[in-house]
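One structure follows; several queries about it will come next.
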Amino acid sequence: MMNIMQHFPIIAVMSLFLGAFLVEIFGRKNKIVRNMITMVFVAISFLCIIALIKPVFLDGEVISYWLGNWEPVNGYAIGIGYEVDALSLFFAILVVLTFTLSTIYSFRYMERDDHLGHYYTLFLMLSGGVLGLVLTGDIFNMYVMVEIMTFAAVALTAFRNYKKGALESAFKYLVIGSVGSGFTLTGICLVYMQCHTLNMAQLSSILANHLTPTTILALALIFIGFGVKSFMVPFHTPAADAYATAPSSISMVFSGMVNKAGVYGMIRLMFVVFMMMDKTTMQILLTAFGTITMFVGVTMALAQHDFKRLLAFHSISQIGYVLAACGLGTALGVSGGLFHAMNHTLFKGLLFLCAGAVYYATGTTNLDKLGGLSKRMPKTAVCFLIGAFSISGLPPFNGFASKWMIYQAAWGKGIETNNFFYVFVTIVAVVVSVMTLASFIKVTQAVFFGQPSEKCVNAKEVPLSMRIPMWIMSVLCILAGIFYNFVNANLLTPATNAVFNASNYIDRMMGAGYAEAAGVTAATVEPAKLSYWDPILWLILFVIILAAVCIVILTGKRTRGEVLVNKTEAVDGKYATFFGGEKSEHSHVSGSDLFWGFKKNWGGYFKFMQGMHSGDVNDYSLYTVIASAVIIIVIFIFIH
Amino acid sequence: MTVFIQILLILFHVLVFPGFLFVFVCGLLLAGIDRKILARMQKRVGPPLLQPFYDFFKLMGKETIIPDAANKAVYRIAPIAGLASLVVTMNFIPVFSFSAMSFSADIIVIIYLLTIPAVALIVGGSASGSPFAGVGISREMVTMISYELPLILILLAVAKKAGGAELCFSLSGIVEWQQSTYLGIAHWSLIPAALAMLLVIPAEVGTQPFDTAEAETEICEGPLIEYSGAPLGVFKLNTAIKMFIMTSLFTCLFLGGIDTGIVALNALILFAIDAGLTILCMTFIHAVTARLKIEHLFKFYWTIVSALALISLILVWIGL
Amino acid sequence: MFKKLIAASTAKSPWIYHINTGSCNGCDIELVAVLTPRYDAERFGFKLAGTPRHADIVVVSGPITSQSKARLLRTLEQVPKPFCVVSLGSCPRSGNVFKGSYSVEGPLEKYVHVDVSVAGCTPKPEAVIEGLYTAAQILKEKRKAMAGKKEVAES
Amino acid sequence: MKFPFAKEAVKNLFSKPSTENFPKVDVPAKKGYRGRLSYDPDKCTNCGLCVRVCSPSAITVETTVSEDGDTEYITRSFDMTSCTFCQTCEDFCDTGAIHLTEDYHMAVTDPKELIITGTKTRRKVYDYPEKGEDCVYCTLCMKVCPNEAITVDRANKEWEIDTDKCVQCGICVSKCPKKCLTM
């Protein structure tokens, strides 16, 4: 039974690439054939990954598979190895879930566009690239998958090339992405030159105990490479444009998978391969970048006028949460970060799908032109509210559970190391969470409530096949929030163990006993002690009171009575909005004129931010280079 | 058998003692005291103490007009959701060592539970579809941002003082710590935090100088403009209950040491202290100052009050 | 019991909403003077409300000028039942010295049934309190009538 | 940041509120307060001056004659809801029939209570002023008549009186320079 399971990872990845190849050939003209091919191959890879859950998570095994059956020869890995442990599978599930739902969504969402043959090819290439990156055990194979992912993503960003700014954002993504890949490749070459192997398991055993200047430089370069891929602050600018101009089903995949791939690469290499995260410098470096990303992301989001650009900046800020949490280096921190990555995939995917639905129904995502959609699109409004409440961390939803774990981890780290920096991180995390709530209140008021604008008068509800993925995502958001103890026990603890316990990873791959020989001790990690917030109890109380109060208030409320005012001529009636007696004409408080008090006080900061985000590629590459230089210098000074 | 008793106990806790009835009566009484003392400070007789009860039941009798531009479902559910979460929050706050369900939540959870009523007001106002409400919710949100920073600083300071070395976020833990040593406020390093908390309470509840969100004169009651009848009554009740909850949170954090054994007496003492606190921090400031512009309110909270809270956090962090 | 409680408290907490249809502001400052420490209408639960949606007693002052007629009617439409209309001073009742002018659209009675009218060209604050107090009692009757009618509708 | 009323607020808290206990304790209006109007029909000479000087024209008069024609009932009604309480009618009434009392309780549910009426019964005297011969048509009587009952045309020397408007106040007789009018 075990050997069949071994083949599933490679089947999953290859089926996607095969699907891409076939869609390009057969799917060019005929719609049904195209959809069928895509659906079949997506289903294959989905089932393969889901089948792996039982062995990896419940039984705690690690699946290793050598391509072409090239077993390691007397201790040296030659072939490319696929290794799926709890951490890889955790991210694989997110990736698989995202692109399956996006496929279902894009069947109807993209029907108005042309060249759909190319769309599905690129989509399957992108999904295959990310899935390959997450499952591979070989560092160079990971680089190849990163390249496939980046180029597919660049092409998909410019898919609607008639849209203003699509080509420009694709070009920016290409430039910054290649700079990042360049750094990763140089890092990998340095590591390969130093350790003569590309297999991650063997690498971590070699690197565990001897650090040479070249490996330190490789560490810095790979840190920058995957920082660019996960859109940390200095490298976040292409993400904002790419998510905004790509079609919504693609931006959902971007924010659900692509930046998660960057985070996975960072965790895998920093924690497992280089095993550097126990050093305080690396911890402070990653947490500092995470905190800045958090803060810049959300403050920029508050100033946006476009729905999807606002969501893009929120993706950047939530990734800042994940990086800051993982940067803490403690078991609670890493499991909080992983949990937040999972939640982020769920609620951000949901929000992008809602943005797509709004675009499908009204044709625009400009916050100033939308308004009062909740009466015409009630189901989308409900889904959006669930997504908005989860991202801003209101208790019953999943955003709260993960953010709360992150606050506890940061505060615990602060007390443990008596270092005020972590207290500052906790404070910034809480304030950023409130600002996230602020920007989503802004979107709720601008798009869904308030007075209907002329663009939204004839908006209709989106077709059912677009609503199914939204409902799945909303249900998952609520379930993850309520049964977070279950999620913590079954999903997060194995993944955190995989992060901290490199020796099991090495033995499984290279044969038993290999790790001790290389001096890697098996660090077992007890599950994160969560203090006792029990959402189910809270939910029961909430429902009891909700029912009690409803009975009291809503019994028998319809009271008629004769009209006291004998109207002489037609005066618009009692249910019109109160305008101080004036005739109620259309006046909608849209997104851009909210939070005046806050923006006025932070005028200087916003002017500076506007200056920094100039939209010019040279500036962005300048920021990338400066940030890389800073990281390299910091790492070289403090780690020796 | 015990499961049945436990369900009954939970129902009792939720609906009667620290739950709906207790909070309903104490909240509205506190609002009554607030209005009466305010009147007396202005040398006028002022309404009877039970005036908020009359207001509430009158609003129950009024007809509810739901405007066309409003989203009917959200319009009705918002106030009730706010009330439900407020009553549940009260269960998590210990009444001097008697904690109905205080084992199940800590400070950060309570802070986030307190954002639900504010969000309920905001979403309710936004759902009512009036431009006045739009301006109102924007101000309400900025008020929330402004008092969240000092609030988290205060809580971290108290948690660090109470916890010492290990992570202590639970409120009952803090109350026990105060019972073991002397009152929270007696530790001089916590006094700036207590002062900051006294300034945060009016903003969270939304009384006069900080009620820019519901300014009757400028934007006709802000988010509540389109509300009438029962939903409006519930929103007014929410404000009163929030007044009670915030003051009892202050009592737990800083005056938690008192314990007389009998739960009923504890509840009475809690109410008395809350009444004193309300008069001190809400009514007096209401009688003496005028409403702030939203921009000044934000600047006030993020400079003066946060500085106070930061001082005590640093003092506690150094170990004093 | 609940219905009696509601009816009783309807009289005890009447909220006032003031509409100025072209008045010379004499009555307006008298109305606000009623809330000052000297006369203190808050003893009886009176409170100025910001919007017609929160109103129980609508106080109208000033002769109904043509500009303000449509706005008056629209605002009165938007007040939830039960509510009373109180006319302050002589203008709403008869147009006082402005009677017969081209822009005065006649007494308030033409548009809505006025429950209580407080005469006096600026009535004394005590008279205003008396008027509002009577209006509050009428409000109680109206609430009882409404409750009664609801029973009829329901049964 | 100054708090001007901080001390007063605390001081007020412990001092007696300055609210007058209105409904229980009746508060008299200041002396000379122009409140509800009182009308004494006997003193009234039905000269009609008050009707002329009342700016909101709140005073209306109607005279009815009994069937047998010899007594007339002049009812004068003062509509307080239209009155502006300026006391001009009291000043002009030289017989003191109108007096604005200090009663300010004028909050009523039905406005009828605010209409103060008084009926003056008088023997209907049909002696209207007649013109003598030596009238020079100087139109003085026309100008002085409060109810414009007399119309005089100097050009073609006509003088004519309208009996229902005339209230026999006698002002024209006293003012005629030639003393040719008699009642």
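The letters A, B, C and D name the chains in turn, as written, and every chain counts its residues from 1.
As a convention for this text, a residue touches a chain if its C-beta (ideal position, glycine included) is under 8 Å from a C-beta of that chain, and two chains touch if they have at least 3 such contacts.
This one's a predicted model, so the numbers in the text were calculated from it and none came from an experiment.
The largest tally of C-beta contacts between two chains is found for A-B. One inter-chain figure worth recording: chain B and chain C are separated by 34 Å, centre to centre, where each centre is the mean of the chain's CA atoms. Each chain gets a centre from the mean of its Cα atoms; for chain A and chain C, those two points are 58 Å apart. Chain centres here are Cα averages; for chain A and chain D they lie 86 Å apart.
For chain B, residues touching at least two other chains, in rising order: 39, 42-46, 60, 63-65, 132, 220, 225-226, 229. Across the assembly, chain A contributes residues 559, 561, 574, 576, 578, 580 that each touch 2 or more other chains.
For chain C, the set of residues that touch two or more other chains comprises 37-38, 40, 43, 51, 53, 78, 81-82, 147. By the definition given earlier, chain contacts exist for A-B, A-C, B-C, B-D, C-D.
Per the touch definition, chain A reaches chain C in the complex via residues 556, 558-561, 564-568, 571-574, 576, 578, 580-583. By the touch rule above, chain B contacts chain D in their complex via residues 37, 39-46, 284, 287-289.
Remark: chain C residues 37-40, 43, 90, 93-97, 99, 115-121, 123-124, 126-131, 133-134, 138 touch chain D in the complex.
Residues 5-10, 12-14, 36-38, 40, 42-43, 45, 48-51, 53-54, 56, 78, 80-82, 143, 147 of chain C touch chain B in their complex. By the touch criterion stated above, chain A contacts chain B in their complex at residues 372, 374-375, 378, 381, 385, 389, 392-395, 400, 404, 407-408, 411-412, 415, 420, 423, 426-427, 430-431, 434-435, 437-438, 441-442, 444-445, 448-452, 531-534, 537-538, 540-542, 544-546, 548-550, 553-554, 557, 559, 561, 574-580, 587-589, 593-598, 600-601.
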